[in-house]
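Below are two complexes that have subunit A in common, paired first with subunit B and then with subunit C.
Our next item is the complex of A and B:
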């Protein structure tokens, strides 16, 4: 595999830009500040119509004004999840200082998103029009706003990106699979891929749909609702928002003077059955082993693990054991973190947000902590309380989905990456 | 990247008018149509009141009551099609390394039918925004999560390899098979159960296509309503169904002594970056997808023996697609039969791409091109050979299937093979 990387024909996938829309705020800077400080943005759910459900705590994106960021023509035909996606995509392009002149051709830029909940708020409104008033009251945009492909299509159209377009409608792990799919698209010959996931599952009917998940936390305490790896674990808090990354072929990126902030080095994906958390131990371990092998990475080289951290005791135990199975003795030493306890889990977007966090963590030499989590009951070096300074070159990101997918992704900091952002952001 | 050769070793299908590959091929090769007035719900008040429906009895296809309760109609279709495909491939999942077998399924609208059904209950027929969670059904969360589709099919066979649901609107079927093709070709799995399913015949989906006049209002003559490439076409006719192909590393298939139908020669997809529902007259992006898929198969346009068209029966599609095929195949386009089975089985959104690929596999097997039913009046701007009404014997080695979808996606898959099940490609 090392020979492969020296092969001049090998096309590496480099992360050159990050766009974040999360409960911590809009943009990577406020997101990183809150993440590094270990702040929790989980709150009592305050969305209109959602006051009386057994779900009480979630991560809401506040202060997001789509009209200030997106043209009216796109706004009217899209749901909130696509507003997030269009915004995060623009932020990622800006962050990478990428402009239309950087595209060799429209076909050299692709778009890949993961979507697990679709345009729920828009869809509920149109369902209400249909069943409350009749079929003639369904608007012309329902057919393009509700479906899972809306964000990929709109990002492509808004930016004139004609490259390979993809949508994985995965569960949580689909977010990592989308990143891997984009990296492979780069390896197959596309120079640039805009990739990510955003979700907006906090409309009333979308919440009612999620109430069937036994893993959903029903705690009313924002500080206690999502506490993975502790004896008080009682499920997960859902969230909205997400992240988009700009991936570029490594050499092409360097040639245009872009900063290569990390490379997508390896990925592994397995399936062990919906809500079969004990079985996910073997699946996750196998995904990690596969990802490390593809990255040509020994377990001891992993400097930080971003855990899936579902917050269900059986699942947390399986994850801790999977790390031990795949990393051996290193699993007890390597810093593990789950900053998503401060934002909630935005389904497919959760691991994409973790990937963005991993890039920022490597740049800042800082493992962010796991908000609201103390007194862990597993044999892991989980970072709690304060951020932990460390030289980070390799990050392992884990994700499992409620429908049984397990994924692992290895990101590596490029040897030539500078760390100038460290001084400017913290 | 080094690529392994990927064979199609099994097929299964649940289509309107034809459940199982045998019935399905009978319908297509006889040029019969399965479009009719909607019976799944009362369509009164809709602009388009017709669809191609599956007469599907889950129990007759081996689905137990628990599976039916847990799985939406589209997943029931997928499971029946997958069972047929795996059986057809002679594959015993229990004898395979489960970590080396994956599943990739496509869907455009997923669990919409159950989502709508339960919505009506919890909203008291659209009367409240703060819908009542206590009235929700027990499987609603599974309908909400589109990954339920691939997950359910993977659980059916106990596979542990890469599992994914792909959802790119109306190209989902081709893109799911394309995703699985890459998974096998690039070595992440030896076998992948690949296909797509949709059951979109519900009030909300019919109404949202009504709103943009994409569907045909030929309510008086449903049997002849779907008229791709015909001068009198006026929109697509909704369909439903599923199809599954077993994709397999060719060496793996040979090692277990399996006979294969054909190989996946290439797959490509591009966006048109033009409009969520609109297509250009030039068809540049679809042509590019065709060229790229042929290029992967190391073929040029003159090698194509049959084009399985997207052929939805909207004016803009038919002209866009005709232009694209001419651009890629050049003068050879005029000598190449090109037909749309949507004339017979309707347009089942995300499922149709996989259903059409199964039709292509069967065309190769039988060395017969299925026709475009209902085609009677030529459109001067669509001047290719659309195989009117009657199937045609033809020597087929290379078959191209194309798709267009909302979002501007344009996809192409090339199948190559000798055309006989027992033949070694």
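Our next item is the complex of A and C:
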């Protein structure tokens, strides 16, 4: 990568904007404040119709009014997960101070999203119409609203983006794979790619689909439902929301005066089988090694690790061992964090939120803590309690899916980046 | 639009259906004045028109001809739908 960087034809993928819709709030700023403070937004699940399931604790996006943000024509034909995606995409564009005038042509802007479950709430409503009243009562937008690809399509249509589009169906880890795919799209010649993932799995039908996962936490205690790397680990709490990032070709971004906040430096992905957590050790280690090699990054250069942190003892052990396998002795020293214990795991969107957090952490020189986690039972320097100040140039983000995919992504703070948004929170 | 047809579905009905099924806000008077413009100029896509056809079929308890969902303009659509509802064709 360093050799390639000197090549004037090299096209780097730079992060220039962040859009976040999460249980911590709407917008990157409230999200970062809650994350840096180590606040937990996990609560007893209170959504209508969701009160009587074995799933009791989740991360809900509250105070989100799509009608205030999205035109009615888009609202009627899309599910909540796409409302999140349209909102997060707009926030990312605004954050990057990117406007339609910045596009050389509509074909120079692409969209890539990942989705784990599609539009469950919309789909449930229409299926109830089907079985309750008959086929004539199913609206035609059902055909597009609950589909995994809905958000990519609607972001493109709403913004008149006509560049390369994609949808990654790659399990939770697909969120990182989407970022990698977007970075490749930039390298191959597209100047701008809107990329991310959002999920809305907290509707009755979607919850019933998740109840078959043995990894899902059944705890009714918001403070105890999701405690990875501890002896009290009892699975994970799910969440809704997500993040969208604006990726731009590095030189093009600088030419329009945008701030290059980080670059996508490396990625690796493997598959080791559904719920075979012991085997995920080797797969995750391989994904890390591949990502570091692509980034031309030595293990010692990793300044912070955003862990997958599933919260299942066997999986947590496998992740700790994978880090030791891939990073060697550095694995015991490097700060590791899992801020998602404060929001829950938003499936594909969880690692994209981690990528957004990594960018913010590098800018603020602060590793956010892992809420609700205190007593670690693994050989890791997990940041708990309070945020940990550190000079951060390289972040490693890990994600594993319940269906067996493992991914690692390396983000690097731009060497030329001058601004330092050091926080006053610590 | 021809005058001989008794309009069971009016321009105002169509404007209300466009709003309800597709979220398209259009003033009934504008829709009447621009009845020969394409549905796309009002922001109604083909799935939106399909939803309106389904809604009318439910409301009137009968099927509409297949061409209904392929109509390009409000004028064409209202003429076809009202002819069909009147003649029972």
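Here is the rule we go by: the second predicted complex is superposed on the first by the 419 of 426 C-alpha atoms of A that agree within 3 Å, B and C clash if a C-alpha of one lies under 4 Å from a C-alpha of the other, contacts with A are read in each partner's own complex, and residues count from 1 in each chain.
Criterion: contacts are C-beta pairs under 8 Å (C-beta built on N, C-alpha and C of every residue); 3 or more make two chains touch, one makes a residue touch a chain.
What you see is a predicted model; the values in this text were computed from it and never measured.
Trainee: With the two structures laid over each other on chain A, which partner does A:44 touch: subunit B (first), subunit C (second), both, or neither?
Mentor: neither
Trainee: Quick one: classify A:73 as touching subunit B (first), subunit C (second), both or neither.
Mentor: second
Trainee: More residues of subunit A are touched by which chain, subunit B or subunit C?
Mentor: B
Trainee: Pick one for A:171: touches subunit B only (first), subunit C only (second), both, or neither.
Mentor: A:171 contacts subunit B only, not subunit C.
Trainee: Is A:144 touching anything from subunit B or subunit C once the two structures are fitted on A? First, second, both or neither.
Mentor: Both partners.
Trainee: Output check: A:206 vs subunit B and subunit C. Expected answer is one of first, second, both, neither. What do you get?
Mentor: Once the two structures are laid over each other on A, A:206 reaches subunit B alone.
Trainee: Overlap the subunit B and subunit C contact sets on subunit A and report the shared residues.
Mentor: 77, 136, 139-140, 143-144.
Trainee: Using the touch definition up top, name the residues of subunit A that touch subunit C in the complex.
Mentor: For this pair, the touching residues of subunit A are 71-77, 136-137, 139-141, 143-144.
Trainee: Could you list, by residue number, the parts of subunit A that touch subunit B in their complex?
Mentor: 48-54, 77, 106-107, 110-111, 115-118, 123-124, 126-136, 138-140, 142-144, 146-150, 152-154, 156-157, 159-171, 174, 177, 181, 184, 187-188, 204-213, 269-274, 283, 286, 401-405
Trainee: In their shared complex, at which residues does subunit C touch subunit A?
Mentor: For this pair, the touching residues of subunit C are 21-25, 43, 47-48, 50-51, 54, 57-58.
Trainee: Please give the residue numbers of subunit B that touch subunit A in the complex, ascending.
Mentor: Listed in rising order, the residues of subunit B that touch subunit A are 1, 45-47, 99, 102-103, 107-110, 115-116, 119-120, 122-123, 125-127, 129-131, 133, 136, 138-151, 154-155, 159-169, 175, 179, 182, 186, 188, 203-204, 206-212, 214, 268-277, 285, 288, 405-409.
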